[in-house]
Amino acid sequence: MSASELQRLLDQGRFVVTAEIGPPRSASGEPIRKHAQSMRGYADAFNLTDNQTAMSRMSSIASAAILVQEGLEPVIQMTCRDRNRIAMQSDVLGAAALGVRNVLCISGDHQTFGNQKEAKNVYDIDPIQELMILRRMRDEGRLWSGDQLEVAPQLFLGAAANPFADPFEFRVARLAKKVKAGAQFVQTQSIYDMERFERWMEMVRERGLQEKVHILAGLMPLKSHKVALYMKTKVSGMSVPDPIIERMKAAKDPKGEGVRICVEQIERLRAIEGVHGVHLMAVNWEEIVPRIVQEAGLRSR
Amino acid sequence: MIIGAQKPLKEICSMLEGHQNILVAGCRSCVAICLAGGEKEVGVLAESLRLHSDLHGKGWRIDEVTVERQCEKEWVRGVSEKVGDKDAVLSIACGVGAQTIQALYPQVRVMPGLNTSNMGAPEEQGVFQEKCGGCGDCVLHLTGGICPIVRCAKSLLNGPCGGSQNGKCEISPDVPCAWDEIYQSLKRLGRLDMLDEPLPPKNWLPSRSGGPRKIVNDQALFTIEEKALRGKRE
Amino acid sequence: MSARGRMGVVICAWAGGSPGKLGVHSLAEQARTLDQVGPVEIIDRICSPVGQEKLGALFRSGEADRFVIVACSAFSKETLFRELARASGINPYMVELADVREQSAYVHDPQKALEKAHLIMEMAVARSRLAQEAPVQVRQSRSKRALIIGDGACALIAAKHLREQGIEVALVTEGSGFRIPDRLAKQREAFERDIDLLSHDPGFVIHAQSRVIHLAGRLGDFSMSMSSGQSTQVVTCGAIVLACEALEGDSQTGPPGDVSELESVLAGKGVLPESIVVLAEAGQEWGADAGAFVRGMRAAMNFKMKRPKAKAYVISRDIVSPGKWESEQRMAQDLGIIFFRSNERPKMVDAKHWALKDQTLGDIVIEAEAAYTTRHPKYDPEGIARVLGVPVGPDGTPVTLEPRLRPEETMRRGIFLCSSSFEPSPMETIFTDALSVTSRVAEALLGHELLGGVVTRVDQEKCSACLTCVRSCPYSAPFIGDKGKAEIPIEDCQGCGICVSLCPSKAIDLYHYGDSQIGASVRVAVRGGAQ
Amino acid sequence: MKVIGFICEHAGLPAAVLAGERGMQYSPDVLLVRLPCSGRVDVVHLLRAFRDGADAVFLAACLEKNCHHLYGNLEARKRVEQAKRILDDLGLDGRRVELFNLASNQAFKFRDAAEEMVRRVEQIGPNPLGVKK
């Protein structure tokens, strides 16, 4: 069984690029294949979101399987919202059998954000516990119950981190907990407030966490002034500084400006000790990823 | 205590359709204190139903009773005369009370006039906040005296999630983030170290997930011998 | 024959306003047919001395234990009838009043008025049938000392009069002693004599440079803590008088002249103008609170009383005269004072003319020889009221119990208020205020206080100890007692009935206004007495 | 027609008395029930009046912020709102019950309140449970 390509690149010390692909609200895999075509060579791995914002879409595992067929490296996101520990372990086994090696363990947007607010959430376990369970499956070859697995999954375990949520001073402590629970890489919430991120990274380095976990800085290119404002005011756990809002407002070509901001951010991030890559979340705008990667001078994969 | 809120009057009226002799039954315990099902509410609801009946020529006969604790057989048995000739009891106690009445008076239809919601406490007069999830395996000693099971929208045991902002939960700026509160509480207590270790997946067996729960207190329980000596008392 | 449950019905021959205006005989006949009704009498003017004698005789006759008096509006007579009942051995709250004059004879044509009077009487009879003897307690003050808060003329006069009645007086002031305002210079000599007398009086103690910080206890048995710099002292007393009047020096005067100037003129300093305008305002921006409005109105009234033919205008943004001042505003209007509501502060056109924008009449120019303004006194009535635990009204000064009949009583029993408190007032007001307050204080300390009557009773069997009454009582009267159930002491209950309607367990009812009594009178009103 | 007016002792009653003193005419179908404070009123009192057959019920209470018992009138407002909801739910029309805030010297406001309720009954029609004459 082959190991994670993403893990190999990171362990080699390569500055990686991961990009997010939103699975379609469709029973056809074509949209995934299309994204795969256009982004091939522009990112090292691709995150498949798991019913993002609590709206039903094609499953992240199925979408990932299509990417594997296309010869690309998927990262599946697995929320605690929709599965209890039984489903979680079974899904991970299935995903591994289909060639998935990277799992991002997250709590998931609360169902009240979605279009089926009345759904019962699961939250049998939380993401830290998810990491613990998956690590045991991999390292001990056992289910959480202790039962032996015939073949253990090979997994590269990831977690999310939000440097912009509160309480700020506890954020790094919680990251440490995730690392302790088994996180090997971390993808952050999209960063606009570079100062706050840098402060957070300082705190990460104080604890030496950057030695233990690969931090991939999350970036979401802005499409318009409206989107920027929305991010600032409507999205919980997001900090968008005013100068960025102003730039988007003043821009004649807002999309171009969004790309420029993103590229500048990548440059700045590359200089930060402990940041081992970027994670591009171009929600509903996946086609812009190649241009950003190109302009950021990261097109060599 | 148990927190509940009355169902809309229209829903209650349609529930009672087809019945004649109706008893509105309240309770002097939790639901009285959460201002939903005490004697006063019994009075208001009964009066509303009489008005409804008179206006629409239903001919309902509405009687009222409020028992000390509708969840206890002895109290509920005590009102057998009131229940006797009725063909429906509208209980505005919690779901426990309504079921106790049904269990003791199988010939009468019991209707719930209340939506039983949660275990909580009055924040201030008229404001009732859920506080305990009844998970059967309390972790308050680990979480600064704040319950993450019900007060965190996701019941996270290792929070807060990324949606925590300014002490508020991502689901609404009106909802406090339980994990922010836990953090602040442990900080005040000088025990932030308790957050260093991840809490493992929780045993939900003692919770509702484990099926209907029953607690047997051996000390209180009458033994078979005692029962034999006591004889049947009801 | 036992009088228990038997009811006497007494009808005033003047119930219709004058004899013969309302068919009182028809009412009497009707009354005789009603359940439980025993003696029925028509008395000529019940409130006259002769009428009172006759009523007293009926009370004492033993023929009934409850009475319905069919007469005029309950207002002033109620206390009179209750006192007479008590003196005659009848529970004062077993007396019901049926107002058939203001509520019927005065407002409807004779035929309808009589029909309605029958109903009103029957409503009272229905209430009376269900009446329960309300607990009434006679209480004597434990401490015979009065405590006065304040240091102005009002405080001085009050102290002097209380001492004359042999009542011990303690006076607390943040200043160093009494302060006599300039505007009362005429009386200065007399005041100084009084101050001198008091200073040699062993029954009078002054706590200077002291501030009240906490009050415990109740009427007859208060402990007042006061602080003077480092030390704290506790003084016990039976009653408290609030007499902190503000002096001119206490406030900032803004142009035009302060109303206190007008007061000085009225007191004889200078020439009275032919016409005046008073701007009732408070704060930085144009606008008035009730205090400012009333001060302005009173100044104009004093002027108008001195010079009835002169013109007096009061201009304000808001015409606000709540509570006890409502009747005063009516008086002011009757005196011929003209009120304008202007959205902007009036502008001076020339020495004698002011332009304003009335909210209904639009642009107006008025002629006034002299102009005055009100302003905020420096005193902190709200702070003092907070310490004393007495509710304050919208203007920040303590609310009084009954605007017309008991303007000197605050909402906390045993704490009295000189109505001129917290504002500079003319001598006449101060004098009458001080006298009426001291007589009430003397009554409270030396006489007896009637407690109870319209008070709650708790059925502890029903009480769930839910704290609703504890949380909702405006007077913090209820508490959960040793038995784990609510208790409401009759000496603290003010009889508003808020807790009664809120109690989720229906464990509280109110004497005199019981649920069944309210229900019965509504039923009679709607369906008639015969049911 | 029957209109019940609950009058509080500190504003409704004196205003009604003043209206009487001034001979302000209003419908004799309006009958007054005295309460120590408008906060004494319970929803049950209001509902029962309608079951007894009243066509309309109103409360005459102190002005807001000027309640003799601090906030009895605000409590009364909540009771009236609850009664309105119930009447609306039952199809009896919530406009049949109303709260009027007035000052003890506002006799005209009292008279207007009484007349307003009479007008409303004329508009809405009688209470079907009313006593037929």
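Read from first to last, the chains carry the letters A, B, C and D; within each, the first residue is number 1.
The rule is short, and it goes like this: a residue touches a chain if its C-beta (ideal position, glycine included) is under 8 Å from a C-beta of that chain, and two chains touch if they have at least 3 such contacts.
Note that this is a predicted model, so its numbers are computed, not measured.
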| item | value |
| --- | --- |
| Most widely separated chain from chain B, with each centre as the mean of CA atoms | C |
| Two chains sharing the most contacts, counting C-beta pairs only | C-D |
| Euclidean distance of C-alpha centroids - chain B vs chain D, Å | 37 |
| Chain centre separation (chain B, chain C; CA means) in Å | 47 |
| Length of the line joining the C-alpha centres of chain A and chain D, rounded to whole Å | 64 |
| Distance between chain centroids, defined by C-alpha means - chain A, chain B (Å) | 41 |
| Touching two or more other chains - residue numbers and ranges from chain A | none |
| Multi-partner residues of chain B (at least 2 other chains) | 40, 43 |
| Residues of chain C engaged with two or more neighbouring chains | 472, 502 |
| Each pair of chains that touches, named by its two labels | A-B, B-C, B-D, C-D |
| Contact footprint of chain B on chain C as seen in their complex | 462, 464, 466-468, 471-472, 502-507 |
| Of chain B, residues touching chain A in the complex | 153-168, 170-171, 177, 180, 183-184, 192, 195-202, 204 |
| Touching residues on chain B, where the partner in the complex is chain D | 8-10, 40, 43-44, 47-48, 50-52, 54-55 |
| Chain B residues within the chain C interface of the complex | 28-29, 32-33, 35, 38-41, 43, 66, 122, 125 |
| Residues on chain C engaged by chain D in the complex (per definition of touch) | 73-75, 99, 101-104, 106-108, 112-113, 115-116, 119-120, 123, 322-323, 326-327, 329-330, 391, 393-394, 399, 402-404, 454, 472, 474, 494-498, 500-502, 510, 512-513, 515, 518-519, 521-523, 525-528 |
